[in-house]
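Going by the order they are written in, the chains are A, B and C; count residues from 1 in each one.
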Amino acid sequence: MSDVAHEEHVHESTGVETRKLAMWVFLSSEFMFFGALITNYLLFKGRVGYTAPYPAEIFDIPFTSVSSFVLLMSSLTMVLADHAIHRDDQRSTRTWLIATALLGMVFLAGQAYEFTTFVVDEGMKISTNPAASAFFTLTGFHGTHVLVGVIMLLTLVGISFRKGRLSTATGLNLENVALYWHFVDIIWIVIFTVVYLIK
Amino acid sequence: MATPASPASTIFRRPRQTSGWMSWITTVDHKKIGIMYGYSAFIFFILGGLEALILRLQLAGPDGTVLDAAEYNAMFTMHGTTMVFLFVMPVGAAFFNYLLPLMIGARDVAFPRMNALSFWIFIFGGIFLYSSFLFGTTGPPSGGNLPGGATDASWLGSTINGGWFMYQPNAGPRFSTGTVLDYGAIGLQILGLASLISAVNFIATILNMRAKGMKLLRMPVFIWMTLVVAFLLLFSLPIIAVALFMVTFDRQLGTLFFDTFQGGDAVLWQHLFWLFGHPEVYILILPAMGIVSETLPVFSRKPLFGYPAVVFAGAAIGFLGFGVWAHHMFSSGITPVAQAAFGLATMTIAVPTGIKIFNWLGTMWMGKIKFTTPMLFSLGFVALFVIGGLSGVTHSIVPADWQQTDTYYIVAHFHYVLFGGAIFGIFAGLYYWFPKLTGRMMSEKLGKLHFWLMFIGMNLTFGPMHWLGLQGMVRRTWKYPAEYNFGTWNMVVTVGAFIIASSILVFMLNWTKSKRRGVEAGMDPWDARTIEWSIPNPTPEWNFGVNPDVHSLDDWWHRKYDEDEDGRPVRRPDADSTIAQFHDQGVNPPAPIHLPTPSYFPFFAGASFLAVGYGVIYHTRGWGLPLLIFGVVLLLSSLIGWSLEPLEEEHEEVHA
Amino acid sequence: MAGAQTKAHPSPKQYVQIAVLLAVLTAVEVALYYIEEAGVSEIVVYPTLIILAILKFVIVVAFYMHTRYEKGIISRFFTVGFVGALMLYTVVLGTFGVLSAIGG
C-alpha cells in the first residue's frame, strides 16, 4: 500500500533517496551536538581542586571495553539486517534486528550498571564536580540516543510482524535506522577513546 | 470520498476535512502551514512591540517610574526573545514554507508531516514561553532591589528576565531562583527543535525536489538564501541545544557547569551561546536579503546583477558567520590573540556583504524603477542595512568595541540591521507576495503611508541611540539619572517608537481591507521573473497544474521577454497567450494529482512538548513527574503512529 | 531505494571480517591503555590511540554506513559536519588554553 511509489512526482535531483539524504543531513548536525558535549568534558576534566572523585579516577576500563565491544558488534548485526532486507529475506531481517536491539539493551544495561557503581560505590554523582557533570551528561545523552535507537529497532520489528513484511519503502525505514545506529556507534568510538582511554 | 487503504494500516481514520479549524490542525499543506506561521509570528510581533513601547515609556525621561527594575529586566528580555525567536525566525519560516515549493516547482516540501510538526512545536513552544507570565515565579532575588522588599516580582516582572542571552551564572540556580528561567531555557529548547526539523526538511526539499531543469544555479536567490539559512540552523542549533541542556541541568539536576564557585565556567556559556548566536543573526537577515534580491530585479525591470556573486556571497556570509562569534565577547577576558583573530574575521564578513550591496545597486542602475510599496521597502532595506552594517564594522575594531559594548551604540547597530534590514525586507516580501496568498493587491496608498511612517519612525527611534551610546548610556539598565542629560534624545526615541507603532496599525488596516476588497490581482500582477508567478493567484491547492520544465534562470521572464541588441527586454508576441495558457493549466490540471493526506500526529506530537516542558519544571511536585511521563508517552506514541501511517492514502486524488 | 546504490555491496562474510578487524583494533586500544599505565610515554600512546579511533571510525562509516558505495554528496555532508565540528571546537578549546595544556 504505502509501497506504491508515486513515480510521477518522486524524483530525486541529487540521485540520493530523499529520506536517506535527510538522515545524513540530520546526522551531520549531530556532530555539532556531541562535539559540544565532548568539548565540555575535555574542558572540565582537568579542573581538580573540587569535590572528589573525578571520572578519570574511577573508570573501570575492562568493563567499559566489553561494553564498547558489544556496541561494535551491534553494528555488525545491524548491517546484516540491512543486507537481509535488500535481499527481501524477512526472516533474517527480523532476527538480526532483534539481535541488534538486544545488544543495544545489553550496552544500556552496562551503562546503567556503570553509572550506579559510580554513584553508589564511588560517591560520584552528577552534581559532585563539573567533570562529573560533564561526564554524566555526555554519556547520558549518548545512552539516550542508544535508547531511541532501540525503540526504533523494536518498532521496525513490530511493523514486520504486523504487516507481515518490512520493505525498503516504508516510512520508518530500516536503512535509515541503520545509519542512525552506526552513527551512535561511531560517537561511542570517539567517546571511548577520548574520555576513557586518554587521561 | 476516497477509499482508505487496508483497515490495519492506521489506528485512527485519517482526517478528511478540507475546511474549518480541524483542517488547519491536521493540514500538511505547506501553504496553510506557512500562513499559520505568518499569523502567529505577527501576533508575537505585536506582543514584542508592546514590550518595546513599555520600555520606551520607562526610558522616555530620566528616573522613570513606569517599570521597576525587575519589570524592566523582564520586559527587555521578553522583547528580545519574542522578536528574535517568535517573530523574525517564524516569519522567515512562513516565507520559506509558502514559497519554497512554488519557487522550485514542487507540490510540497520533502516531508509534509514533519513540516506540520515544526509548526506545532513552534506554536506550543511559544505558548509555553509566554505562559511564564502566568505561572512563572522569580523567587527572592539575590542581593535584590525590588521595591518594598518584595521577594517576588509583579506579574509584569514574573517572566523570563535574564536577557535573551541568559548569561551564566546570573541566570543559573544560584542567582536566579524561581521558575521563570526554566521557562526560558526549556522554551528555547523546544523552539530550537522546531527550527532544526525545518532545516532538515528544507535542505532535503531544495536538494531533491526541484523541477526538471531547475539546476542549483537557476534557483531564485531567495531559495539559495533559504538553503544557507537551513545549513546555519542545522549546525548552530545543536550547540545552543547543548548549552540549554546544561543550564537546565544546572537548575534542575544540580550539575555544576556554570557555577563558578565550584569549578564551573561562566565564559563557557558565552562561547556556546554565541557559537549559536552569531550564525543566528545571519539566519535572521539572509531571508530578507533573499527577498530583496527578488524584488529589486522585478521593480527595476532588470535581471539581478551578478547572480553567481550574490549566491556565493550569501554562502560565504553563512560560512564566515561561524567564525566570528567571540566578537560578542571582546570584553569578557579572552586573550588578546583571540580578540585580534576574531576582530579580523569580523572585518572579513563585510566583504561578501558589500558584494551583495553593490550587486543590488548594480541591479537598479539604468533600470526602469517602479516605486511600488515593495520596492520602497526594498530600497529602505538597502539604505538602512548599510548604516547598520557600517556601525557593525566599527565594532570589529577591538579597542573601539571596548568602548561601545554594552552601550546603546550596539543597540543602534543591531536595530538598524534587524529592523531596517530584516523587518523592512519582510514587509517588502509581504506586499510583494500578498497577491499569491489572496489573489488581491494591497493598497498602494496605505502601503506608502506605512512605509514613510515606519521609515521616519525607525530612524527617529534608533538613530539617536548611536550618540546616546557613545555618550555612555548603558544597555539593559532600567533608568538613568537626570545629570547625564540623556533625557532629550530619549524622548525623541520614544516618540519614534510610537510612530513605528502607528505605521504597524496602518499595515494591519491595509492587510485586512485588501484581503477582502483589494484590487483583484489576476495572473502575474508585477510582471515578475520567477516561476511562482506562472501559476494562478491565489495559489491553487496543488500549486502547479503541470510540473514545470525550467530552461534558464528567471525562466518565467524569458517566456515573456526576449532581449534586443542593447540587452533591453522586448515583449514576445506570444507572451499573452503564454500567460493565458499557464493560467488555464494551473486552474485545470490535465492529469489527476496526488497530494499528501492530512494527519493528526504532528499536532499531538507538538502538543506533547507542553506536557514535557511543564513536567520538567515541576517534576518535584506530585503531579510533575506523571505529567512528564505522559508527555513522553504521548510523543512516542504519536511518532510510532505516524511511522505506521502512509504519507498518502491510496486513491486520494484531487481534481479541479 | 535500492536503485540509488550503483556499486556492489560487501557480502555478509566480509561484514563479519570487518567486525573482527574492529574488535582487534579495540583490543589493541585497550592494550595500549595498560601499556601507558605501565609507564610508556603518553606522547607515543595517545596519538596512537587517536589514530586507532579514527581508523575504526572511518571503517564503520565507509563500510557499514555504505558511504564508500554511495553518491559523493553523502560523504560531503558527513565530512563537512565532522570537520566543521572538529575545527570549531578546537578553536573553542584553544581559547580556554586547554589545547596547550593537553600538549604540555
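Note that a contact is a pair of C-beta atoms (placed from the backbone, for glycine too) under 8 Å apart; a residue touches a chain by one contact, two chains touch by 3 or more.
Predicted, not measured: the structure shown is a model, and the values here were computed from it.
Participant: Would you mind telling me which chain pair, A-B or B-C, is linked by more contacting C-beta pairs?
Facilitator: A-B
Participant: Of all chains present, which has the mean Cα position farthest from that of subunit B?
Facilitator: In terms of C-alpha centroids, the chain at the greatest distance from subunit B is C.
Participant: Using Cα averages as centroids, what's the distance between subunit A and subunit C in whole Å?
Facilitator: That pair's centroid distance is 15 Å.
Participant: Report, in whole Å, the distance between the mean C-alpha point of subunit A and the mean C-alpha point of subunit B.
Facilitator: Taking the mean C-alpha position of each chain, the two centres sit 33 Å apart.
Participant: Compute the distance, rounded to whole Å, between the mean C-alpha positions of subunit B and subunit C.
Facilitator: Using C-alpha averages as centres, the distance is 37 Å.
Participant: Going by the touch rule set out above, which residues of subunit C reach two or more other chains?
Facilitator: Subunit C, residues with two or more chain partners: 73, 81, 84, 88, 92, 96.
Participant: By residue number and range, which residues of subunit A touch two or more other chains?
Facilitator: 12, 14, 16, 21, 25, 28-30, 32, 36, 43
Participant: What positions in subunit B touch 2 or more of the other chains?
Facilitator: Residues 207, 235, 265, 268 of subunit B each touch two or more of the other chains.
Participant: Considering the complex alone, what residue numbers of subunit B touch subunit A?
Facilitator: Checking each residue of subunit B against subunit A gives 5-6, 8-9, 106-107, 110-111, 196, 199-201, 203-204, 207-210, 212, 214, 234-239, 241-243, 245-246, 249, 253-257, 259, 262-265, 268, 272, 547, 594, 636, 640, 642-648, 650.
Participant: Which subunit A residues qualify as touching subunit B in the complex?
Facilitator: That would be residues 1-2, 4, 6, 8-9, 11-14, 16, 18, 21-22, 25-26, 28-30, 32-33, 36-37, 40, 43-44, 47, 49-51, 125-127, 129-131, 133-134, 136-137, 141, 151, 155, 159, 162-163, 170-172 of subunit A.
Participant: Inside the complex, what are the residues of subunit A that reach subunit C?
Facilitator: Result: residues 5, 12, 14-17, 20-21, 24-25, 27-32, 34-36, 38-39, 42-43, 46, 61-62, 65, 68-69, 72-73, 75-76, 78-80, 83, 86, 168-169, 178-179, 182-183, 185-186, 189-190, 192-194, 197-198 of subunit A touch subunit C.
Participant: Show me the residue ranges of subunit C that touch subunit A in the complex, using the header's touch definition.
Facilitator: Subunit C residues touching subunit A: 1-2, 4, 9, 12, 15-16, 18-19, 22-23, 26, 29-30, 32-34, 46, 49-50, 52-53, 56-57, 60-61, 63-65, 70-71, 73-74, 77-78, 80-82, 84-86, 88-89, 92-93, 96, 98, 101-102.
Participant: Using the touch definition from the top, list the residues of subunit C that touch subunit B in their complex.
Facilitator: Interface residues on the subunit C side: 73, 81, 84, 88, 92, 94-96.
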